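Remarks on the structure that follows.
We call the chains A, B, C and D, going by the order they appear; numbering starts again at 1 in every chain.
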Amino acid sequence: MTALLAARGLRLAFGGVKAADGVDLDVRAGEHLAIIGPNGAGKTTFINMVTGYLKPQAGEIAFEGRPILGLSPRRIVRLGIARSFQLPQLFTEHTVLQNAALAVASRGTFWSAIRPLLDGAHVAEASELLGRFGLSDLAGRRADALNEGARKLADIAMALALKPRLLLMDEPTSGVAASEKMAIVETLVRVLREAGVTAVFVEHDMDVVARFADRVAVWNQGRISALGPPATILEDPAVQRDVIGIRVREGADAAA
Amino acid sequence: MSRRALLELVAALAAAAIVLLVAALVPWLRFVLTIAIAKGIAVLGILLLLRAGQVSFGHALYVALAAYAAAFAAPRMPEALLLLPLGALVSGAVGLVVGLFVVRYREIFFGMLNLALSMVFYSVLEKFYALTHGTDGIRLPAIRYVGTALGPEEAGWATLAVAILLALGFGAFVRVYLLSPMGEALSAMKTRETRLEFMGIPARRVLLAAYVLSAVMAGCGGVIIAMTTRHVTPALAYWTASGELVFIAILGGAGSVFGPFLGAFGYELTRTYAAALVADAWQMILGIVLLGVILFAPGGLWGMGRSALRRRPAGEGAA
Amino acid sequence: MAGDVRFAPGSLTRRAALGALGVGSLALAGRSVQAQAAKPSELKVGIATYLSGPASVFGVPGRQAAEMLFDEINAEGGIAGVKVRPIFVDEGPGVDHFVGEYRRLVQSENVNIIFSAISSADCLACTPLADELKRPTLLWDCGTQRIFEDARYQYAVRTQGNATPEVLAALLYVLRAKPDFRSIAVVNQDYAWGRDSWAIWKTAMDTLKPGVRVAAEFFPRFGATDFSTEVTRLLALRPDVILTTSWGGDLDAFIRQSAERRLFERSTFVMPLAESSLERVGKTLPAGVIVGGRGDHWFGHPSPKDPALLARFTENYRKRFSTWPIYPTHHMAQAVFAMKAGYEKAIKAKGGGWPTDAELAAAFQGLEFPSLTGTIKIREDGQGLEDQLIGTTVHTDKYPFPVLTDMVVFKAADITTPVGQKSLDWLKTLSPDMPGKMPAPVPYRG
Amino acid sequence: MPGWIADNALLIGLAVLDGLSYAAAVFMVAVGLNLIFGVLRVLNIAHGSLYAIGGYSAAALGLFVVSRGLPGWLVFPTLLAASVLVGLVLGPPIERLLRRTEKEEPVLQLLVTFALFMILEDLQKLLFGVQPVVFDAPLKMLGTVDIPFGQDVIPFTAYQLFVLPGIALVTLAGLAWFLRRTLYGRMIVAVTTDREAARAMGIDAAKVTLLTFTAGAALAALGGALASPTASLVPGVGAQTIVLSFAVVATAGLGQIEGAAVTSLLIGLGRSFAVYFEPELEVVVPYLIMVAVLLVRPQGLFGVPETRRI
C-alpha cells in the first residue's frame, strides 16, 4: 500500500521542548490513523506542520508524492488536506447551514463566489452534508448557540465539505460530555467510511481510539515510539505505562 | 427574486421618491440630501469593512482623492458621466495599492495605517500649494450632464438624480455581494479568520476585494460631493472626516444596506438642525445623539426601525 | 396630521405627534424665497463665522461685535425703520457643510443679506453661490486676493482689503525701518494663508529689494503648539528679519517661546497679524516688533476720521465683553456699516422705496462707507479699498500690553492691486522707490 | 554620510536637544493612551479632550495660585494636582460608559469615545472660552540655559531642557516600577497580555479597568498641564494632539510603555531633524515612521505577535 502522506525526519522545538524530534510517519490511503500520546507531546504540532500552520525546522512532508513543506495552509487545503480543530473554529455569527455552505462554496472559483451563498447548489450540498452528520435540526441555529458535541461535528463537517482526500482531526471528542462521546464517534466512523476519506486523528480517549482506528501511532517525547494495530498497541505495557497510565491518573485526579 | 428582496427594492424606490419629494418641497434641503446620499455611498464601503470587523479611520482619503481628481479634471472634461468613473478609477487604483499593504493588518493597526495614509494625503494637499491652493481649495466649473449644460437649479437636480441612481445601484450591489460567499467570508473573517485559510479561502484577498470596492464607493461619493459643493478642500481628507463616515455607519446600523443611508440622513439632518438651533454647540448635540444610539439602540437607526416594525403587529393586535 | 393622533392609542400618539412636528417644521422651513421689494418686518442677516475650532479666536469676537452693533442699530430704530436680526452659522465644520448652511440661510431662513466668511475657502465657495442664488453677500473677513482677481460677481463685494495690501504694507514698513536687512526667515502656518502671504511677500521683496537671502522657510502644522525646534534653528541662523503671518494660538505660542529664549534680541520680527494677539501675550512681546492688524484697525489709531466713533466703539466693546476689540471686530463693524450704507443708498436711489435684492447688490458697487477709523470704498470689481496701519511695539505704563508707535497708515489705493490685474504679476512691476514714498511714521501719543 | 555628520555636528547636537524635549511631550500624551489601549483594547479618542481639559485646568488653577500671591514654586504641584483632579473627575464616568458597551462590538466602544470627544470639545469651549490660554509662569520662573554653539550660544528654556524630559523619565520609570513591582501593576500587565487568562486567574478586570482608565486620563491631563506653559490652548487642540498619539500607540505595540517611550523618541528626533534639514517633511514624519515600523514589525515595535491557539 502506498503512503498518501509521508513525513520524514520532522524536527521542531519550542524553546527547549522538542515537539518533534525526528518523526517519520506514513499515512496509508484509506486508513484511519490515531495518534495518541501524553499531553504536550507534540501531537497537535504534527497536524499543524502538515497543514502548513507551523514550519518544521527540519524534515520533509510529501502528500501524494508531492512535497508540501513551506506551502501556505491555503495551498495545502487546495491540494486535498483538510483539518478540524480541538477548539471548533466555527463562524459564530453565522448559522450552521451558512458555515457548511461557506465551506462548500470555498471549493469554487472566484466567479461562483459572487453568486448568493445560499443558492440552490450550495445549500443542497450543505444540507445533505449536515444531514449525514445528524445536524439537520440545528442547521438554522447560530453556531455559537450549539453544545460542544454539535460544534465538534459541525467543525468536522466543514472540513469534510472541502472534499479532502486526507482529513486531520485534532481531538474530535475532547470537551464533549462522556455520555455523548460514543454517539459522536459512531457518526464520525459512519460518515468517514461513506466518504472514503483517509483520516488522521489525535485522541486521548482509548475507547474512541479502539473503536475508530485502523492503526495507532504513539507520540512520545517528540518521537513515534510505537506504531501498529490498536489491539497490539493498546495492550503494549510500555504504552500503557507511558500514555494510557498517565491518562488514567489524570482522570483520577480530576475525579478527586 | 425573493419576497424579501422585492420588499427591499420597493422600500428603496419609495425612499428615493421621498427624497425627491422632500427636495422639491424644501429647496434648501436638496443640497443637504445630495451630500447625505454621497456620504451614504461612501459609508456602504465602510459597511463592507465593518462586516470583516475592520474599522478604517482613513477612508476620507478616497473621498478626497476622487473629489480632487474631479476638480482637476473638470476644467478639461466637465462631464459628470466621465468624472464619476474617473474618480472611482483613481480611488480604486490607489485603494488597490494601499490595500495590498493594509490588508495585512488588523484592528487598530488597520485603522491607524489608514488614518496615517489619509493624513499624509492631507499634508500633501497642503504642501503642493501651487497646485492645490491648500486650504483655499479648488473650485469646479459648471458640470455638464450627458453633454448638456444645465443652469444651477437643473444641475442640482441632475446631481441629486445621479446620486440616487448610484445609491440604488451600489446598494443593490452591496446587498448581493454581502449575501455571496465573498461577502459571507467577510463576516466569517471577523469571527474566525484562521478557519478561512484552512478552507482554502485567502482572507487577505477577501478583505482586499472589499477594500478596493470601498475605495471605489468612497470615490463615487467624493465626486458627488465635489459636484454638489463645487469646491473641494483638504478638509475632506482630515481624520475627523473619516471618523464621520464611521459615525454614520454606526448611527445607521451595520445590519443592512439601508443603514448607511439612514445614518447619513440622520447625521446630516441632525447636524443641520443642530447647527441652526445652537450654532456653537452642534458638536455636543451630535455627540449626545451618537452616545444615545450606541447605549440604547446599538443596532443603529436601521435596527431601531426594524424592531419597531416587528413590534407593531403585536401592538395592533392588542389595540 | 392631527387626525391621525385620534386613532393612535398609547405610544403611537407620541410618535405620530412627533412625526407631525417633523413634517411641519420641514414645510415651514421651505416657505417662499421670493421675498422682494416689499419692506420686510425685520431685516435678517446671515453671518458666517467660526464658532468652533482654532479660528473661533477671530470668529467669536466677530460675533460679539455684530451682536453689539446690531443692538445699537436697533436702539436707533433699525435701518430705515426696519430692525435687524443676526443669524449666525458656524464655519467650523468645513466647506461642504458651509455651502449647505449658505443655502439654508438663503432658501430657508430667507435672510436679506449675508456676511461671509472668515475662511478664504468659504468665501471662494460662496461668492459664486451669491450670484447663483442672487442674494447680496458681503465678504467680511477672508483674506485671499484670488476672489475678485479671478472672477467678477454681481452680488458679492468685499468690505475690507485683502492679503496683498496687508502683506505689502508690512514689507514696505520693514524696507523703510530696516533698509539694509540682508537675510530673512519665515515661520508661517501650513495652510493657504501662510503660503499665500509668503508668496506675496517674497514676490514683492524680490522686486523692491532683490538679493535678500531666505535663510529658512518653516511651515509648521496649522495649530502647532510647540515651536521650540524652529526657535532653536532661528537662534542659530540669526536672520536679520523673521516674518510670521501666523495668528491665534499659534502666534501666541511662537511669541512666548521666542521671547523666553531671547530670539527677539537677535532678529527683527515682522508680524502682520499680531495686533490681534497683543492683549493676550501682554508685555511678553518686547518693544521693537513690527506689527499689523489686517487693515487700519487699532484702538489707538493715530488719526481716525471720527475719533468719537472709534472711542465709543472701543469703550462699549470693552464694557460689554471685558476685552479690547481686535481686527475681526473692526472687520465686522465694516460689514455692518457697509450694510447700513448700502441700504440707505439703495433706498435713496429708489426714492424711498424698499430695494430688491438686485438693487441692493447694485448699491454696494462703488459704495463708500465709514469704517471705525476711516472710509472704505468698494471698487468696481467688488474689492474694498482699506488703508493699512503698521507700527512698532513699545511698552508704556498705561497698558499691560504693548502699544504701537512709529505708526504708518498706508493709503489703500497705493498698495492694492489695480482692477483687472493679478497680485503676483502686479507685485513684479512695483518701483523700487516705493518705500521712499510712504507716509511719515507717527509716534505713539499716550 | 560621515562627512555630512561632521559638517553638521553642532546642528545635530541642537536637533537632538530639541528632539528630546519634543519626544518627552509626545510621550506624556501617548503613554496614557497606550496604557488604556492595552487594558481596554479601546482607542480612546476622547484622550485628546482630556489633554486639552488638563491643560486648561492647570492654567486656570495656576493663574489662581499666581493671582493669590502664593509662593511661585507652588505652580508645579498645581500642574500635578490639576491633572489628578481631571483624571478623577472625568476618568471614572467615561470608563463606566465604556464598560456598559463592553459586550458590544469593539467599534461601538470606539464610537463612544468619539461621541465623548465631540461632547467634551464643546464643553471645553463653554467652560474655557475660545481665546488662546497660556500659563507661562513655570517657564519664566526657571529661566533659560545657554548651550554653546560654536562661537555662539543658544538659549534653551530650563523647562524644555530639564523639566519636560525629567518628568517624562520619572513617569516612565515610575510606571515601569508600578507595572512590574506592585500587585495592581501586575494585574494591569496580566489583563493587557491576556484578558481571558487574567479573568480565569481571578483578577477583577473591572477594578483594573477603572484604575487604568483613571490613571490614563490623569496622564492625558498631565500631558496637557505640562504643555500649558509653552503651548497655547485653543479649541481644537485636542483633535490635533490625538492623531499624533494614535500614531505612537500603533507604532509602539499594544500597551507597551517602553514602546511608547521609544516611539516618542523616534518621532521627536525625526521631527526635529526634519525641521533642521527638510522642513516640509515635518508634518508627515510621525506617519512615515509608523508606516516604516509596521512594515518591518507588523505588531508594532514592542508588540508580541499574537499566536492564536487553534
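Following the convention adopted for this analysis, a residue touches a chain if its C-beta (ideal position, glycine included) is under 8 Å from a C-beta of that chain, and two chains touch if they have at least 3 such contacts.
Please read all numbers here as calculations on a predicted model, not as lab measurements.
Interface comparison, A-B versus B-C: the higher number of contacting C-beta pairs is recorded for B-C.
Distances between chain centres, each the mean of the C-alpha atoms, put A farthest from subunit D. Taking each chain's centre as the average of its CA atoms, subunit A and subunit B sit 44 Å apart. Between subunit A and subunit D the centroid-to-centroid distance comes to 49 Å (mean Cα coordinates, whole Å).
Taking each chain's centre as the mean of its C-alpha atoms, subunit B lies 35 Å from subunit C.
Once the centre of each chain is set as its mean CA position, subunit B and subunit D turn out to be 33 Å apart.
Residue positions of subunit D touching 2 or more other chains, listed in rising order: 121-122, 125, 280, 283, 310. The multi-chain contact residues of subunit C, meaning those touching 2 or more other chains, are 52, 190.
Counting only residues that touch two or more partner chains, subunit B has 123, 126-127, 194, 280, 282-283. By the touch criterion stated above, subunit B contacts subunit C in their complex at residues 22, 25-29, 31-32, 35, 123, 126-127, 129, 133-137, 139, 152, 225, 228-233, 235-236, 241, 268, 271-272, 275-276, 279-280, 282-283, 315, 319. Listed in rising order, the residues of subunit D touching subunit C in the complex are 10-11, 14-15, 17-19, 21-22, 25, 121-122, 125, 129-132, 134, 136, 139-140, 144, 149, 152, 154-157, 160, 227, 230-237, 240, 271-272, 275-276, 279-280, 282-283. Contact residues on subunit D toward subunit B in their complex (touch as defined above): 37, 43, 45, 97, 100-101, 104-108, 110-112, 114-119, 121-123, 125-126, 239, 243, 246-247, 249-250, 254, 280, 283-284, 286-288, 290-291, 294-295, 298-300, 308, 310.
If you check the complex, the residues on subunit C that touch subunit D are 52-54, 56-57, 59-60, 190, 216-221, 223, 225-226, 228-230, 232-233, 235-236, 238, 248-250, 252-253, 256-257, 260-262, 277, 280-281, 284, 323. On the subunit B side of its complex with subunit A, the touching residues are 176-177, 179-185, 187-188, 190-192, 194-202.
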